[in-house]
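Below, subunit A partners subunit B and then partners subunit C, in two separate complexes.
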Partner chain A sequence: MSNPDASPPQFLKISSLLTGFTETELIGTGMLDSYLNTILKNSAKEDVKYFFENAKEILDEPNQTEESIAISTRKQLMPDSSYGGLAKKIIILWYTGSWKVNENSSKIISPASYKQGLMWDAGHTHPPGAKQPGFGSWAKLPISVMINDKSKTNGN
Partner chain B sequence: MENKFFQDNNPKRQKLIKPLSEVNNLTEELIDFENSSAKKLKASKVDLTLIKNQIQSVDELRFYLRTALQLELSTIPPYLCGLYSIKEGGNQQAAGLIRSVVVEEMLHMILVANILNAISSPADLKKESKEFSGKLFDVEKIIPDYPTKLPGNIYPPVGKGKTPFKVSLLKFSQEAIDEFCTIERPSNPTKEVKPKTSRQVFPKYESIGQFYEAIRYGLYRFKNQITKPEKNKNGKTYYKFIGDESRQVGPEHYYGSGGKILKVIYFGGALEAIEEIVGQGEGVDGTIQDPDFEMFGEGIEYAHYFKFQEINYGRLYHSNDTNYDKPTNSIPSGPSINRSWSSVYNMKPNPKMADYKDNPQLLDLAKNFNETYVTLLNNINDAVSGDPDKLVQGIALMYDLKYKALELLKIPLNDGTGECAGPTFEYVKV
Partner chain C sequence: MEIKNYDVVIIGSGIAGSITANILTNAGKKVLLLEAGLNAGIALDAENAYKTYQGYLNTFYENSIKVPNSPYPNIEDAPSIDVLDLKQIEPGKPDTKGYLVQMGPIPFASDCLRGAGGTTLHWLGTTLRMLPNDFKMKKTYGIGVDWPFSYNDLKPYYEMAEHEIGVAGNKESMEKWVKGQLKVDNYYGSKYQFPMEEIPPSYMDKVLISEMEGKEIVLNGVSHKIETVTTPQGRNSTPNSKYSKAGIRWNPGSKKLEFIDADFRDKYEPVGSVWDPYSGQRCEGNASCVPICPVQAKYNALKTLKKADHGNLTIKTQAVASKLIINSISNWIEGVEYKTYQEGHNGKYDLQTAKGTIYVLAASAIENAKILLASGAANSSDQVGRNLMDHMTVLSWGLNKKERVYPFRGPGSTTNIATFRDGDFRKEHAAWISPLDNWGWGWPAFSPGSDVNDAVTQGMFGKELRSFLEDRITRQVLVHAECEQAPDPECRVTIDPAYLDQLGNYRPVIHYRATEYMLKAFEAGREFVTQLFDKAGIEDYTVYNPEKDADYVTYKGKGYSFEGAGHIVGTHRMGKTKEDSVVNENMRTWDHDNLFLVGCGNMPTLGTSNPTLTMAALTFKAAEAILNQLEN
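This part shows the complex of A and B:
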């Protein structure tokens, strides 16, 4: 890609900003390259170019605070009219593993992307049929909740 | 990857255990047991007085069993690293073989706990309750620091001039498979264990089987103290362990164990449990005398050592591969398996949380993995400390552990080595 801003490290930073997951967590899904390729393949070149430029501006702004970044992101990136709605598409991509084709339909990128959707972790649940949690686990608190909530852990 | 928690009882499962010689005071029940398990094996010629006296008190026997718990646990993380580092789609047969071993190691840990519970009177447990916070073991202390020597002073021979054997956490590689074979390699049954020196806690053992042999003799030696004779309705005497039966974990507490979890209530049960643990390797060399004995072939479930040898050579065993004098030297000559050392995550050997300190996000993930690991061990500890129903909850943790490990393995370390992160299996407070 000729656009130097649409590089995997830059995409990673923007994705972390948009999803609320850390960069390392996103790398851990193993989906970074595949998602970046999906975006490059399915979006208008201009949208991608200007979106990444704008995102870089927001991230590199001097005197930034967490709040100032959030406000700029909301105002400049999130509207549907901005860059073909790319920001929302990226969020949907990371959370569901699918690419939004239009209002009514979306496509799962790959079997791996279905498994790696962030929505499963965010909801303390699992992708049915893909990452089994074990028989009877539905009757128990999700493990992520068990570990984080000290009063619910077993012993110690 | 497929779920292999379901394991059927296979009548052709290799269970080759060295018969104990000079065991006095055999009850009828025990003779039956010895006959059934050992009829294919001939007695070895070792001077057993040395081995028989290794364990000198019931307390020492308990100490051996606690060490055996740690021993079983210490092999699980290396096998899991070998398994998890295999990329999806590649090395499927090898992954299947490693997975079947690691599931059994977990069951072995439960079996050891069952034996320890069987010989524990309420008074014993009370006496130890301060040291182990009322549980059967101490989770923090039982977790080994890799690379670790095998617990129990077990040093499998590695050849002259090499450094003594230590277990490392390695990605799926020739080095890892060599390590796995070394862990599981049966020792020469005719070789003596030298008595321990005054400064040693354990004598030096050459194999896991030798260590368990000491436990078997210990059980016989202190049988009168750890069991009480009981007559059944046919007037036959059974020796019942003094431990609280309700602390025993059985097949009903863990789905898919295929009966490989045995409750240890009578004396014969403890021997059967040990046969399940070590019978899959020890005593095979030079002890098989039955000419019809099938060592390899279709439908036989191989001992761990032979499973790893199949990966080592990239070939399955063939029924003609039997070599009665020295089966451990038998090289598989069956169909080749698909094995690739490159379709693997390039995990840093023996990763530690300290290696990730410059990347706080990665450190968080590693810590989170370890929290799941410690929670799983706490869960197992609860289950073997009087709450066996809890064990089934651990299964969700086992799955979670895998997904968290896979996440770590996808994260490059960016330290110029081309290596990626991996699960560290360290203790963290939860």
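This part shows the complex of A and C:
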């Protein structure tokens, strides 16, 4: 596969835009390569090619603002009619660890992808059965909430 | 043909079978234990136990739908009930898709696990005792039947069960409510201690309690006060320094089971995982008790089986009991036929017979009844298979508009609303317990995965999506009304030669319905939650789907869906006379002097407690009776 636009660094950038998670948070999951491979393996080559070209255009737009990028993304990448719905599939992959096969079926990529689902982080928790926060931690506010709100450092 | 004659042959290695095997082998009895599940599951040595369990865990991670049986192998030759097979039954057309043959009119909604360790591998771990009135429902409320003994008679055995399981609890919380609302003294007793201190109640519990405790609910013109109680649990917590028991043993002199007192220097040590006694000694907050605790801080029956005297214990796995052989003259059981499968998927097996002095069926309420029916055993009362019960569980869910509660953390439930567990209303409708559920809308709506899907389908992405999900997930509240199903002779397990599994064993044929006594409870339970949500500032999002929900019922024009609670109870009830029950107060069948039944099937009524603790207590009582019979 020689598609310069579908490189891991480009995929990271577009993933951050689509998920609302920072590049550091996404790298921290350790899933970048695995998810890129999943996309390349399960999508039509043409969809992948034009999706990444379009994504590059949006990211490289001159005079861009956060808002202008969001508008372009919504209009060009997010519609189901764009690139086989790839943008939505990428978001669901990062958030749930699952590849959406069709409307009624999705498949968890691997035990690691389940554990790294971003939906748990979005909800200030952890995937059931992994990344356990420790005895009695559930009696307090989540740590991720406490550090963002110094007034609640006691967690009560 | 099995040559050896054992003292006792036990069918099933779940909690009832394992407690029985542990007590009997340590009392010097030779025991054969037959287990239908795969051989790998029974491993108790460090390397193999770890390997097998990590296999379960990875299967759980990879399974898209994480139902209770999802981590564990479903063996074609000895299938387990799968809740994914549940669907509405068309009138006159039994649903035969899964292991159960569902005759209806509505399907039985609970599963259990056929495998080493049984359903304790995926139980939640709630260890509430039953209430004194639960043992005398007929006398007190004119409903169902009375047990052949009282709460106080069972109390010493409850203490054994709480020791064996390793219960973490707050005695004062429960006693305050029992004494206040029910006017019962000495429920646990002033001297009693739990092995471990309470599992800390969740952050969500604290928020909800502050919003609802003491508030008034009016149902059918009667005012009730909301009272919450900390839930005792079979998972490892901080050891209680006042706990002074070290074990349970048979005393051949007094002919009773008794506690071994701990040396004053010894502190209670939580029982760790099967593969490593020093891991799993505290709950680590994995929040996946159902279907699997990754560190085995939650009790499972393999921990008990490991403590058996293995010099006296023979275990045969992949061995599916199919029939008891009855001596036509003495009416004693003289053998149990079992089929040992090789692969598990091709229906090939060797037919063997096991022989012992006493036989114990410990194969689950449904399997026990099925084996008895297949054998023409123990059924002179015509009660075998009848009174199949469960907690019919009506779920209500909403969003806490006032503040975020941060669910999906900690054990499944750490606090329950006890108000409707007992009271005069039981003359009119079923009682219920309302656990506060710590896992958001996971059960009714597959959250948070469904929240992600919905939001993305609507076109959300980026920071907007993240912040929408943050808000949606952290406000989710779920409250159950787990309604006590009253015994109903028409809710039953039967067999039919037209429905066999691939080993040629009978599949359970289930008849199930909800009586008006239950429907009234659904109505009252929903009314209760509506008022509760209103007072606590929770916006109701509950939806019952008339087309899709398997157990959708209507009452007075309104629809309700209920779920199974996994509490499969009552198919071989215990009683005072052989005319109206299958076993006596010691769980020996009235019809066969050397056949005992253990497990939830013995329970004449269900109460509002999760049944495992009571079943474990009953099993200690049965084990004591078996030893008495062997030594007389």
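We take it that the second predicted complex is superposed on the first by the 153 of 156 C-alpha atoms of A that agree within 3 Å, B and C clash if a C-alpha of one lies under 4 Å from a C-alpha of the other, contacts with A are read in each partner's own complex, and residues count from 1 in each chain.
As a convention for this text, a residue touches a chain if its C-beta (ideal position, glycine included) is under 8 Å from a C-beta of that chain, and two chains touch if they have at least 3 such contacts.
As the structure is a computational prediction, the values presented were derived from the model and not from experiment.
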item: Touched partner set for A:Leu86, first subunit B, second subunit C, both or neither; value: neither
item: Which superposed partner A:Ile39 touches (first subunit B, second subunit C, both, neither); value: neither
item: Touched partner set for A:Pro133, first subunit B, second subunit C, both or neither; value: both
item: Partner contacting more residues of subunit A (subunit B vs subunit C); value: C
item: Partner chain in contact with A:Ile147 - subunit B first, subunit C second, else both or neither; value: first
item: Which of subunit B and subunit C A:Ile58 touches, first, second, both or neither; value: neither
item: Partner chain in contact with A:Ser98 - subunit B first, subunit C second, else both or neither; value: second
item: Subunit B versus subunit C as contact partner of A:Gly20, first or second or both or neither; value: second
item: Which superposed partner A:Tyr114 touches (first subunit B, second subunit C, both, neither); value: second
item: Contacts on subunit A seen with subunit B and repeated with subunit C across the two complexes; value: 132-137, 140, 155-156
item: Contacting residues of subunit A [partner subunit C, same complex]; value: 17-21, 70, 73-74, 78, 87-88, 91-92, 95-96, 98, 106-108, 110-111, 114-115, 119-120, 122-126, 128-130, 132-142, 145, 155-156
item: Contact set on subunit C toward subunit A in their complex; value: 57-58, 60-64, 66, 200-203, 206, 237, 282-288, 292, 294-295, 406-411, 414, 438-440, 442, 448-449, 451-453, 456-457, 459, 461-467, 469-470, 473-474
item: Subunit B - residues contacting subunit A, complex; value: 3, 133, 135, 139, 255, 359, 361-362, 364-365, 368, 371-372, 374-375, 378-379, 381-382, 390, 392-393, 395-400, 403, 407-408, 410-412, 429-430
item: Subunit A - residues contacting subunit B, complex; value: 22-25, 27-30, 131-137, 140, 143-144, 146-147, 150, 153-156
